[in-house]
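Each chain carries a letter (A, B, C and D) given by its place in the written order, and its residues are counted from 1.
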Amino acid sequence: MNKLECNLGKLLLKNPITVASGTFGSGKEFKDFYDLSLLGGIMVKGTTPKKRIGNKPQRLVETSGGIINSIGLANGGVNDFINNILPETKNYGTEIIVNISGGTIDDYGYMAEKLSIDGVSALEVNISCPNVKAGGITFGTDPKMAYEVTKMVKNNTSKPIIMKLSPNVTDISIMAQAVEGGGADIISMINTLIGMAIDIEKQKPIINNIIGGYSGPPIKPIALRMVYEVYKSVNIPIIGMGGIMNTTDALEFIMAGATAISIGTANFVDPYIPLNIIDGIEKFLDRKCLKSYTQIIGAAHR
Amino acid sequence: MNKLECNLGKLLLKNPITVASGTFGSGKEFKDFYDLSLLGGIMVKGTTPKKRIGNKPQRLVETSGGIINSIGLANGGVNDFINNILPETKNYGTEIIVNISGGTIDDYGYMAEKLSIDGVSALEVNISCPNVKAGGITFGTDPKMAYEVTKMVKNNTSKPIIMKLSPNVTDISIMAQAVEGGGADIISMINTLIGMAIDIEKQKPIINNIIGGYSGPPIKPIALRMVYEVYKSVNIPIIGMGGIMNTTDALEFIMAGATAISIGTANFVDPYIPLNIIDGIEKFLDRKCLKSYTQIIGAAHR
Amino acid sequence: MIYKNYGNIISNEPIIKNFVYLMIIKEKNIANTARPGQFIEIKTGLIPLLRKPISIFEVDKEKETISILYQVKGQGTKNLSELTANEKLDIIGPLGQGFTIKKFAKKCLLIGGGIGIAPLYDLGLKLKEAGNEIEIILGFSCKETSYAIDYFSKLGPVKIATIDGSLGELGTVEVILEKYNFKDIDKAYACGPEPMLKYLKTLEDEIDLELSLEAYMGCGVGACLSCVCKMTDGEYKRVCKEGPIFQVKEVSFDE
Amino acid sequence: MIYKNYGNIISNEPIIKNFVYLMIIKEKNIANTARPGQFIEIKTGLIPLLRKPISIFEVDKEKETISILYQVKGQGTKNLSELTANEKLDIIGPLGQGFTIKKFAKKCLLIGGGIGIAPLYDLGLKLKEAGNEIEIILGFSCKETSYAIDYFSKLGPVKIATIDGSLGELGTVEVILEKYNFKDIDKAYACGPEPMLKYLKTLEDEIDLELSLEAYMGCGVGACLSCVCKMTDGEYKRVCKEGPIFQVKEVSFDE
């Protein structure tokens, strides 16, 4: 048996290492570096019902050892994705997980239905975006709205659905239970924390959108704690992410309760990090004489 | 006029640089390094109604460029503080701000009354602790409980009261408005974020208490964003903190809306950081030809 | 093809200490494939986390080296300046699109402001190789902080402007361009600070101009969409992928 | 008095490369006031953020130097090992309480396990100065990873145990202590890994023993309450302030 075979219920990955939405494009940009079929899966850049040009730059800045971004979900829209991107991603030999975002609950249903097609292995539902009908409150910070989005997606697709939790909440377990109740097959977590940086010379926020999503190494302890909490609260598998840079980080997430992990910001630092982690986990298992990485999922709870 | 004179409403500081509760003891431990009267104020280590021995070690670990701690509010209790610590702190020539914690709302009232004595310049109310009567929900994550604590403290003291907000909430503005409504004179923010770290060799959480408070440079962008948001939501002054290591960090907080700032984890790295920042802010003001640092409070909002 | 390789530092010398450095790096694949205007992304140390985009200053295919000319700004470029010969350098490249290179009927003009001169030197060499005559305009803050003029002198006549007038004309490259006779020029190329580029935009009808733009980069390979700049048609393009070279008429500097 | 000063590194030599190093630092104030058993907190680089507690291995008041003997474990000690002579070192110290030093009626025994031998050498020197005779027991994993034995040989007879038996007796210091005749010993001092300390705790009625403890430190000066260890009376004491030296009877290793 393959030591790294990864069973996420309705979704099977050849290994538990995926790359996080928004940090890997559709994969194309990384093809020069390595054979994408080595990855467990690719979460493609967030897709929306219609084309979005995204936010005014400056969209990204490094701060405090991490980065803040506010891209504004720039993308060509779901039709463009289906017509122009999906045909290529089908050939990558890895699971293609499409990350979807919307401004209304109906948007999510529309996207789910549209994407219930060949070449899409699963849908990852980004609920860290504002509900335009609820005064801009983020779907992912209100358990009822998160539940509604989950149910809507569930009702419009038979693909495995991965609900992606926002960490900007008081109680992450309540959010996890809400999406589990709504029919989520898998939880991915965490999305970015909200942060900002100020240019003291200009006396202005650096990111044009003022605030942005904070990611990278600094958010790891928070992400890890949340995975640990959610593992105790739900019965569906977790894809853990947030600042994973190396094998140790990845193993921490697995021991906290993640069945798979996702590499985000690290892809900018060194595109080979996902492969290094696959290799590193194999070596760790060998050193500990373990037959499958699944033996250490949630180990820190014992 | 003194460029750094700091007016927090009922509380006046000679300069806006204070040191954060739990990172500076009662000041005594830093007396060898410099004259404590140079500081704007000292937030002393958290005090509780009764003596607490604190959590089992390991209580602290460095991770991801910051630290996680779970000291467990170890302290001698409020009477010990009044009898054995306050007589000494009175001579430091700086404002002594007593940080109080409790397990019930009455605890806070009791502490507020007890500490309404000479030598105490203000009370800083730590609401990042569990309410034992409400199933362990943290006071600082529920606006109603935060409001109740504020009112209770207010009713039991005429000292200026500083409500210290927890960042582990969905909407920090609601919390800020709740304590303002309860009668808070000042807000201090942020307390630590909840984080964890796992020892992959032992396959166990590193901190004995499993989770702990995450502080230091990595939390700065989150703290800054929260100060920025709260500045827009309330009319009382803010003492900003969270990962401040140098003059630039301090100025960012001031421009985000903080009237004073507090240095925490940085004291462990270099005890002279508070003095370096006082000096650095003066130089910045000179360079920009500003007469008072108050001219840049909230500058990033303009 | 984009490579991620460890180059070997051949030398790293200050042109002006703590300010501008020239580093020569041996890296076969990048040296063999890079075109003028392209850049590399360098991991300068543990912190900063992100790689830093730096233009290719010169390529020596025979020696299989590239060189970079860089200015120390913050931690990343400071780290770079502290590296020494024989150390390894983690680089990704070549990245982005290059400048147009061909034989033009009339002369070519290179316009560089400050460290923006960096991508223009290799361009000049290749334009010359292609049989073009070249004129150069460079702008610096003052004589003491001017550099690499000797390199450009090898390409053709150099005009200089400094803000304090300590070298060449007093002012920015604008003062030279205002009275410049573009009749002999078929094609111009420019790189420099934003005010300079905005000024050049006003000349778009007088002169056929390619600009090398800067933008804050996350990935450098087109994946993160952070490095965009606005086009006249309202769309955003990626400086790291469709750029850093753009036609002046394409780009919009209105916010 | 606690000082925060920049010491000057006189030398930093591997005793065993990538494993154990000896660094000599010139810092007048600490050299003049440090007592055996005290330690310093060193800022080893940008990352790790926290200072690292390291015992004082030897003091030379005349030369105004202190030395440290340290083992490379993670990033902090790795940073230390890469420093070279004439670099500055940001240190705070001397910290904590020292060992008891006086003239005892009978002999003194030093018991060190691994890098735990570090605080014992200066102690031995000062005990000898005070007129005591000294015996030493040291434990290592194997011959190849043993070190500094030559230093201790200057103090008195040294007995050694190694886990693999490649030097001295086979096993830990326990195998030597089990058959040790404590009759001639008035006072013992120990520092080493936790299992060794726990074993020594079982000897508390046989021998008057002082232990040097370790605990994860935040501030190093008594302010953060992170470095505590349990006492037999149920209270916690701070290793950095009341310690690192404790009487074996005070401390509790339960749980």
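We adopt the following convention: contacts are C-beta pairs under 8 Å (C-beta built on N, C-alpha and C of every residue); 3 or more make two chains touch, one makes a residue touch a chain.
Treat the numbers as computed from the prediction; the structure is a model and nothing was measured.
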Separate pieces, if any, that appear once chain C is removed in thought: one piece
Remotest chain, chain C as reference, centres from CA atoms: D
Averaged-CA centre spacing for the pair chain B and chain A, given as whole angstrom: 34
Chain A and chain C, separation of their C-alpha mean positions in angstrom: 36
Chain A and chain D, separation of their C-alpha mean positions in angstrom: 47
Junction residues of chain C - those touching two or more other chains: 47
Where chain B touches two or more other chains at once, by residue number: 65-66, 217
Topology of the chain contact graph, where touching chains are joined (line, ring, star, complete, other): ring
Chain pairs in mutual contact under the definition given at the outset: A-B, A-C, B-D, C-D
Residues on chain C engaged by chain A in the complex (per definition of touch): 1-4, 43, 47-51, 90, 92, 215-230, 234-236, 241, 255
Footprint of chain C on chain D - complex, ascending: 46-47
Contact footprint of chain A on chain B as seen in their complex: 63-66, 68, 141, 168-171, 193-198, 200, 203-205, 210-211, 214, 217-222, 224-225, 228, 243, 248, 251-252, 255-256, 284, 296, 299-300, 302
Residue ranges of chain A touching chain C (in the complex, touch as defined): 22-25, 29-30, 32-33, 45, 53-54, 56-62, 65-67, 69, 71, 74, 216-217, 265, 267-272
